[in-house]
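Please go over the structures that come below.
First chain A sits with chain B, and in the next complex the same chain sits with chain C.
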Partner chain A sequence: MSTIATRTPTLTTSDMHSTTARSSWQLVKRGLINTRRLPSAFFPALAMPIFNMISFSGTFFALTKLPGFPTDRSVNWFMPLGLAMGSAFSGVGLGFSLIRDLENGFFDRLRMSPTSRISLIIGPVLATWIRVTLVAVMVFVAGTLLGARPTAGVMSYVCSWVAAIGISTIGAGWGLALAFRFQDMRGAAVMQLSIFLTMFLSTAQVPLNVMTGWLHTAARINPVTNIFRLARAGWVNANDADYLSWQNAYGGLIAIFVLSTLAFVFALRSLQKIDN
Partner chain B sequence: MSKSPIVAENLVRHFGDVQAVKGINLEIKAGEVFGFLGPNGAGKSTAVRMLTTLLRPTSGSARVAGFDVVTEADQVRRNIGVALQDAAIDPLMTGAELLALQAVLYGIPASLLKQRSNELLERVGLTAAASRRVSTYSGGMRRRLDLALSLIHQPSVLFLDEPTTGLDPMSRLTLWEEVRRLNREGTTVMLTTQYLEEADQLADRIAIIDHGKIVREGKPADLKASVGAPTLIINTNTDQVEKANAVLSTFGDLRPGAEGALGVGLRGGAAQVTEVVRKLDEAGVRVQHLEINEPSLDDVFAEATGHRLEGADNAPSAGDNGDEQPQKKKRRGKK
Partner chain C sequence: MTGVATAPAPLIAEHSAAVAFRQTIALAKRSTLELFRQPALVVPSLIFPLFFSFLGNSSFGRTTSLPGFPKVNSYLQFQLAGTITQGVLFGSVTGAAALATDIENGFFYRLLAAPTARTSILFGRLAGSTLFGALETAVFVLVLLPFGADVSAGLPGIIAMIISGALIALAVGALMSSVALKTGSAEAVQGTFPLLFILLFFSSAFFPRETMSGTYKTIAGINPISHLVEGLRALSLEGFSISATARAILVPLAIAVVALFVANRQLQKRLRAN
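Right after this comes the complex of A and B.
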């Protein structure tokens, strides 16, 4: 250790202005640096939706022959599902990263700083949005190569992307909250199980009109069904010019807003309780 | 209200049924290096976590840098620097990136960020390694970076939780020197350690903590003087322990020795050793090993708690040589 010839002027607390935006952006940068330096951790979120899209659209091609199925292209149906799963995986993946930070003590360093607690959540969630956007681009490219065709132009992609961002935000909030509560890998199992159960008890695989019994009831009341309707709004019902309409989109937008807000509040409250 | 930078009053922390900290009272004065000495699990880290706003006290109160750790946690955080037990550093980032992150979280103006980071990197001798990922750093380098991170906002109070645990002797000496330098510059330092030598070397005052309670507090010299007599340590056959203790007790108070050893505080000083040996011989006690120790903090600890400081003998001496390996991965258990 050496002696310093010149020193920065002595800082006072009034010199230090930690803003939520500045701290959040720095945490976004950290998230992206980690993604770039540990691509293997990001790879599943990227590969899984493409793999699901390929396998589901091939395996369940016959679904398109069902009466009332809203498209004759199975890839148009399953591409938004693949993207939604990848987004959910990216979201809960944030919970896994947080568990790692909690276990190795890095999160203590963040908590000991005087920055706003909200920035400790917003920053990582924004980094997840960027990752999800990358996933979406890859899925759209792969889907197009496999024959997916939008029915409403650019808005088809926008709707799917908004739904993906929404699902990742819900997954991230939920994942962060559980990580704060459990503070170890026990939280990881609950994160995955709960998110994927919620997704599959919706119209993830088949439309509501071909479901029967308890599954139909569960899917009908599951708000994620509305998000899938938004995600697929520009990919199905090619012959119905009104399909991509506010009427088909608002339910998904409301579901995203309500569930994201609840998940975010749950995460923030769990963070505030972490020192108890 | 006290103006001391660290004041704790009857600080208590429970984890379920376990009482980790059982009513600690502390007053650390400005410019002091205060040592918190105790074995693993004594409650040192829990106390530090409460004082650094990471853990809410079950009861009692504490003020750090003049602010309440519960109701004014943000102001406390602005005024303290903390290096926790395991250097909590993201291994994927570089030293420079971590300093930039830390600086922004503490609201260091962008115009000063680069200069401050470079200054700290130079100070801890990591300028050349600044653009390397932390996963390639040795344990000593990580600790130095951890220290630099805790100093980014020029805190007036610095908490160091077992800063040299696991370090080789050279790295320990380097860190000790930096702590002394920071203290000379006016920083109040609270240091937890399980190493007697570290507490003895660095601390102006020491509190000995065991089972969540402070059992002794004072200047190292005063604490050692309070034990008084030097300790005679002997080893003998296990079947002769009773006989040996009977002889030893006639020369002073029996003191717990290290594993299998017997100890006595010699009332009459070191000059009595010859007499003790003669009496043991007369009693038919076969002495395998004998040594006399001037009072140490370990004696203070033993006298206060009835047992020796766990792990104290395992601490690498600053005079030893040791190799240090890069640490690829480290996990922290819950305290």
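Right after this comes the complex of A and C.
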């Protein structure tokens, strides 16, 4: 009589890392394929920043005539706002997709598969970064056509792109966390409203020295103000106090790091709640 | 022996304007109650314009001294007309979406099967939106007044503004109802929301045309929303006068007449299709 030797496969740390990377990559691919197959879902995130930039630059053109306004081109001021809005909603859009996956049961299938939990977050976020980069390129092209001119060369674009990626990451973490918590479309309204309020209660529309009253206080303590300073560092006049420098950049980078970390800790904890 | 029931003779006479009016009132009551019973649908069209007003007042308060800006006590006074128009535009989409929902869930066809005057279906729905537009205008004026959004035209001006707000709601509601009747889809009606948003931003709702330049100024000049806003703004800034009142009331009235004609045509088309 022969005995059948069984071997239990053991996963090494290296195997687990490669599983996380592979699963994340598959989810990135899924996200990008969805963008190609459902352009109507991606189109608003692309159209919104361009529309924002055009309408705000035109409507509030006269703002540049105010004493102390950091640029004489309104499109220089509003292009980073448009990009930031588009990036935030691209990030939050991840929460909408997750709600759809939760409602149609696809997310349960992902949870039952032998994939690491972290890849369920990393993959979609990486796909969002790629989409935001596409949006940024389109916004920069449209902005240039409308008259936007960088004042710090390539670094102007780099700073705006970094801020856009940062805002989309915060939006994505927040969107995922709320989607895990609510698990239905009720979460969508909270996601949009909270992002909208946080953005507008900052220097989104005008710089601090132009604001008056309660908004000035709110914008001063709102960390998003630092992110906008980073985004606009290469688009304001070279003699302005907010012009590109390490002092004007690090606050934005810290705000992105802290807010992203908090949002993703919240998202992971919310995911663990579903698992339990 | 069986008696033959005879139909009351003056049926045709009863299908008069009075009956149609009573039916319109009943349907208007239904559409108004529907709005108040679902506050989640209407509260955003009240809260968001107010939020934007206060935000704008703090953001653009210093711009009132710019060349080309009209003489105002505060930016809020300038912004009042824009706030009313913004709120009424968004509120009217909700009313038209409700008409589309009636088509989607079959209530519209049940009304057609009943001896209801056809125009009552449309006018009843629009009456609800018009009433809500008037109410929104009154709320915006009352909330913003203590914060510096003075109405130079006084009480007669406020009354004229409320009438104007109601007429704007009727005009936009009728246009949106045309979309509802043509498509029969609430999603399609909601899909027109970005179009209204674009029209609003490419107008003088938030900043005077005098401070704009180039193509943008031209677009704002031909945009009907600019003319709706400026009519209301005349009452707010210039005081009560026949010309300001006429601008505030006649412009939305003219748009409402055209929009009602378009909506009625869409209604007739849908009726013929059934």
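The criterion applied here is as follows: the second predicted complex is superposed on the first by the 251 of 276 C-alpha atoms of A that agree within 3 Å, B and C clash if a C-alpha of one lies under 4 Å from a C-alpha of the other, contacts with A are read in each partner's own complex, and residues count from 1 in each chain.
To be clear about the criterion, a residue touches a chain if its C-beta (ideal position, glycine included) is under 8 Å from a C-beta of that chain, and two chains touch if they have at least 3 such contacts.
Everything numeric in this text was worked out from a predicted model, so none of it was measured.
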Once chain A of both complexes is superposed, is A:Arg22 in touch with chain B (first), chain C (second), both, or neither?
first
Check the residue A:Thr59 against both partner chains and state whether it touches chain B (first), chain C (second), both, or neither.
second
Could you say whether A:Val206 touches chain B, chain C, both of them, or neither, answering first, second, both or neither?
second
More chain A residues touched by chain B or by chain C?
B
Using the touch rule from the top, collect the residues of chain A that touch chain B in their complex.
1-2, 4, 6-11, 13, 15-19, 22-23, 26-27, 29-30, 33-34, 37-38, 101, 103-106, 108-115, 183, 275-276
In the complex, chain C residues that touch chain A
54-55, 57-63, 66-69, 194, 198, 201-202, 206-207, 211-213, 215-216, 219-220
Quick one: in the complex, what on chain B touches chain A?
52-56, 74-75, 77-80, 82, 84-86, 88-90, 92-93, 97, 100-102, 104-109, 112, 115-116, 119, 122-125, 133, 144, 149, 153-154, 174, 177-178, 181, 330-332, 334
For the chain A and chain C complex, residues of the former touching the latter:
44, 51, 55-56, 58-63, 65-66, 200-201, 205-206, 210-216
